[in-house]
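Below you will find the structure I want to go over with you.
Letters are used for the chains, namely A, B, C and D, taken in the order the chains are written, and counting of residues starts over at 1 for each.
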Amino acid sequence: MKRVYVNEQWCLGCHLCEYYCAFANSNETDMVKALKDIVIHPRIQIEQKDNISFAVSCRHCEEPLCVKGCITGALSINEGVISVDQNKCIGCFTCILCCPYGAISAGDESIIQKCELCTNNKHGSPHCVKGCPNNAIVFEER
Amino acid sequence: MGINYLYQEYEVSRNMDRCINCRVCERQCANEVHSFDKDKNIMRSDDVNCVNCHRCVALCPTRALKIVKTDHTFKENANWRGSIINEIYKQAESGAVLLSSMGNPNNYPVYFDKILLNASQVTNPSIDPLREPMETKVFLGSKPKSIQRDKDGRLINNLSCGIELSVPIMFSAMSYGSISYNAHESLARAAKEAGILYNTGEGGLHKDFYQYGSNTIVQVASGRFGVYKDYLEAGAAIEIKMGQGAKPGIGGHLPGAKIVGDISKTRMVPEGSDAISPAPHHDIYSIEDLRQLVYSLKETTNYKKPVIVKIAAVHNVAAIASGIARSGADIIAIDGFRGGTGAAPTRIRDNVGIPIELALASVDQRLRDEGIRDNVSIVVGGSIRNSSDIVKAIALGADCVYIGTAALLALGCHLCRSCQTGKCNWGIATQSPELVKRLNPDIGFKRLVNLVGAWEHEIKEMMGGMGINSIESLKGNRLMLRGVGLSEKELQILGIKHAGE
Amino acid sequence: MRYVIIGNSTAAVGAVEGIRKNDLEGEIIIISKEPYHVYSRPLISYLLYGKTDEERMKYRSKDFYDTMNCKAILGREAVKIDDAKKEVHLDDGEVLNYDKLLVATGSLPFVPPMEGLDGVHKRFSFMSLDDAKKVESAISSNSKVLIIGAGLIGLKCAEGISKRVESITVVDLADRILSSILDRDGAEIVKSHMEKRNIKFILNTKVETFANNEAVLSNGEKVEFDVLVLAVGVIPNTGLIKEINGKINRGIVVDEFCQTSIPDIFAAGDCCESFDITMEQNKVLALLPNAYMQGECAGINMAGGKKEYGKAIPMNAISFFGLHIITAGSYIGEVFSKSNGENYKKLFVKDGLLKGYIMIGDIEKAGIYTSLIREKTPLCDIDFELVLQSPGLMAFTRKDRKKILGGVVNEY
Amino acid sequence: MLKEGQIRIPSGCAISGIFSKSGKRVSGESIIKSIATMHDRSNGLGGGFAAYGIYPEYKDYYALHVFYDGDTSQEECEKFLERHFDIINLSKIPTRKTPRITDAPLIWRYFVTPLPTKLAESQLDEKEFTARCVMKINMGIDGAYVFSSGKNMGVFKAVGYPEDVGEFYKLEEYSGYCWTAHGRYPTNTPGWWGGAHPFALLDYSVVHNGEISSYDANRRTIEMYGYKCTLQTDTEVITYIIDYLNRKIGLSLEEISGVVAAPFWQVINSMPKEENEKYTYLRNVFSSLLITGPFSILVGFEGGMMALNDRLKLRSMVIGEKDDMVYAASEECAIRVIEENLDRVWSPKGGEAVIATLNRGVI
């Protein structure tokens, strides 16, 4: 299955992935309209220290602890993509407790949000990867 | 401030309606032009340091940025132009020679733009490269004057060693040091993928790149940096650099500050000491001396490597080339006055040398007149900008072209011509690790391969239009060229007719 | 092959999904005394709070039994196992034979003896959907609710009904609330947060006697109430195994393959013990993630696979009135704390390993700590100072990160 | 109007050739009949023939056919010839008046052999000496043009349709073992007789249909080897290339076809090693002599004839065989009209040379 992989060596810490993510999940068609004057809560996040930076988003594990641990059944695997049923999630954050990558975060309306490889929005494939100027994140089969 | 104040050349134009404060411009500008004003919650730009490299423009996700030329001006004067005045201010302040990068930007005629190509109509069919084979393979090197046969009458291969290229394009010399490790890796990998060669320049060859040896030209320049037996044997060909189009008659100087780590190792220059390439080779003061070096290099490598002699296109280039063609060299590389550089004295770059088109035409004709054109192949460089320049160069008589600036552009260079600062925002002309990493060779090499591939397609299209299906039938085929707006003299030197003739 | 599963909650679902990883054909029968499609027990408080409804409480979709090709016998109780004949007897006399049996009977409320308890009419446990429904019908806007037990169940119940009753008093014998998962300081933060929502705590205290609608506490205090919720604790429901002399400790004892001491009988979930790797001892870990994973492991092994259940640790994610709490592991060894207002964090380190942690408020990336505990990552291999400040992959070496973020992903 | 040599004139054409492997000499009637069949492929602006084996009595002498504009040029040329050659025989070439051939120049024929002293002085071999003399005349003597210079062969050409040219030169009176013919369709021409085909140097003659795109690349290369392309025609440059590669370099005709109509790299790459190396070598060393663009040519030479198409076969050419006779023509009808019952008829592939030579021991 194609996943987002990180090539830390090439991450510039430009944070564009975060903005492309936030835009992709905004359901707006214009990035300015989507992101102007807001503080973004992207599903991919840069960790940065000194000259090291890299992006972290859901790894879409084959044996996902978050899904196994989910108390409501809101998290499930659909064709390899771990997605969240926002209608079912009640924001207990057991998945945040479980995720070894720190890739799940609290979203708006006190439920969780996570990368669904943009299968949940109109872009269809990870928009963060499209926004990365240096192939520091790639969407591929490994 | 005061007498030494120079108004900035460029202004950052930020469309505040589009800016989303993502701060990518701030993070990506090594010149620290952009900053975030926390109090006002807006981005600010200090134009003074802007070099117009477009890094911020290119990465801005909302297209909120553009760079505009300032309309700040001196009183109009066609003679004392603003740039000239500013240069005087700079020199009056610094007392120093002005330095510039990349190629001559001044408004001299570009002969390629005044030459048009032919195409077949009716009497001779054009050839569709999508339907018919269209060949671009070239061999560089000297050709034997006669054939030999074995006792059974079979032809004996009496060719001296040469270079085989899938397209008549090579990446010209750019040293590791003047450009980054990642830029070199991109060039090396692209050369391998595209079936062509790249050139180490005078910076030696990093150990990591020995694996690309069969696609590498190793250069021997006046400083002899990084030159030793393994190096000479590592490449597919050896180039003796006698001159460079951007700075004929001038040596090079890589400051000690840049001679660190791998660069020091690769150049074989102690860390921190300046790497100075003298203006001449101090063992070559005449053509006989050059011949000695050519044969020394051949001896060293058991006559297994063709030797290229690279010269700058200067006034008597034809006579010089004639001498080189009799020196044992296999290939002559001629670099026109628009050729690029990592740093050169501005006055030299902008005022010395001649256009490559004229140099090529006169060299090719001279060697033919002397019957020694087969002794050598001719490679030309110095602002080959696109595939039609290549087609024209080959029709004028070149075997192959060198591309340098075009290759860098493919890697992201935006021709801001600030290489000498070492703060290349595109990770090319810099050694600063956080800038170098901006050029991912996976991307870089692909883009170079794309460029070469695209040009190959275009060359084939143009050849097909002319009814030519193999590039050797284009070489020196000046009937395929016509001049527009050129004087009799220029047409004569180029050896072409005027359009309409 | 016939698989019989007693129980219809998390461990049972885990088992069904585990079985189906290896065996798409075998017959699966689920027996549950509750008449409901599988639902998530921890959601009963959210149901009362109005944050979910019965439909959304379904732990798996409506067609779960169909798509998993299993038969659910709901509303009937398994009363006996005959391990010699490999049979399960139901309350209506039906006998089902099995090839592999899973006992996933969960836990039962623990009610300590209290004088006068029988005289309390509106007295409820708070563990099942039926419990929640009963509580819901018992309360009104002028109810005075007394909850015995300031543990997870008691407090979630308190939150669930907080907007719908007049007053809530929570009584617990312990010196702090959530004593099983929080230390004193952490408990204090949560307590004061809850007190702001008009929930009253009486700690270090137990009920001596109930007299009609009044509870007399050990400290002499009297608490008037009309609804009583008993949430003192839970105990594993081990009866079926006990009767056939299966090995029982605090819970049903299972090996690393989730098998009981009796051939072809497996057990998973709250009814049995797990090996807590932080304390290196068997414990009842009555936690939903644990139940699922144990159930899944049992299922895989029942269907002929070979999977060890390891890396079990206590862990909890819970929130009260928007204040999030995440804890994991055991609170042993050296303590490292970082606190800032309501954001409270404690890490427990022993033998160079992270053993446990408590996070209140800011719980971002807590899973990275959990992972350090589960994977027993030697702290000398990472930048502990950094990870203590904020959990992140930055604390790992570049090489490890390359594996973590660039490698093929298979986490369990 | 500029004539050949002052401007490059592209043209389409018809070609035809007849060759007897047994050396049987046939009269010019057949070849005229053949080329006349393809009348529509010419436009009356040039036609010509090359015939081999026609001067057996003078077979050891170079037969020079020369056009003169007038007496002055003839005098000057003959003086030159006398200085360099022993002239064994000279005469006007017999012609027949026909209304369709007009503006004829003076047409003379000389059987010559180089003066031994001059030859020795030049340090050249006989052929090279003769070739250079021919070029000197053509370049240096205004109004004189040597259009045929081989031994025991001759070229006959004029402005007009080829069948009229044949009638004009009374070709029915000549007989040779090999004939080639050409009907020209230039896109513009002043109608200069020298510009008609065949083009010949020494005993190499070329008739050609096509317009090559590599012309200037080939011309500038061959001129480096001492040739002067005075006519700027494809036929001329092809003739010189063949002369150079065959006579000077020593390549066989088959190898020459591997140079001028070289196989594509994709074909070479799939050849067995030895072949692969041979063709790679030829393409590398003689790269500038590759001819691209459409052509079908018939090369006549002493004792043989080669038919060759460009590598893409952009011009038609058919080969026919009957007993010892080999026929080649732009169209099959031009063969069938003189030999209805062919043993074999085929269309050679692009770049595939068909070479017919006299059987061993003949002549």
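To be clear about the criterion, a contact is a pair of C-beta atoms (placed from the backbone, for glycine too) under 8 Å apart; a residue touches a chain by one contact, two chains touch by 3 or more.
Bear in mind that the values here come from a model prediction, so they are computed numbers and not experimental data.
Measuring from the averaged C-alpha position of chain A to that of chain D gives a distance of 77 Å.
Once the centre of each chain is set as its mean CA position, chain C and chain D turn out to be 102 Å apart. A separation of 28 Å divides the Cα centre of chain A from that of chain C. With centres taken as mean Cα positions, chain C sits 69 Å from chain B. Multi-chain contact residues of chain B, defined as those touching 2 or more other chains: none present.
Those residues of chain A in touch with two or more other chains are numbered 7.
If the chains shown are joined wherever they touch, the resulting network is a simple chain of contacts running from one end to the other without closing. The chain pairs satisfying the stated touch condition come to A-B, A-C, B-D. Within the complex formed with chain C, the chain A residues making contact are 3, 5-8, 47-49, 52, 54, 56, 59-65, 68-69, 71-73, 87-88, 90-102, 104-106, 110, 142.
Those residues of chain C whose C-beta lies close enough to touch chain A in the complex are 14, 40, 42-43, 46, 51-52, 56-61, 288-289, 292-293, 296, 315-319, 322, 324, 326, 328, 363-368, 370-371, 374-375, 386, 391-394, 398, 401-402, 404-412. Remark: chain B residues 120, 123-125, 127, 132-133, 135, 137-139, 143-144, 146-147, 149, 154-155, 157, 159, 162, 368, 371, 373-374, 397, 466-470, 472-480 touch chain D in the complex. The touching residues of chain D, when paired with chain B in their complex, are 8, 10-12, 187, 210-218, 220-221, 223-225, 249-251, 255, 262, 264-266, 274, 277-278, 281-288, 290-294, 311-312, 314. Looking at the complex, you find that chain A touches chain B at residues 7, 9-10, 12-16, 19-20, 23, 31-32, 35-37, 51, 131, 133-136.
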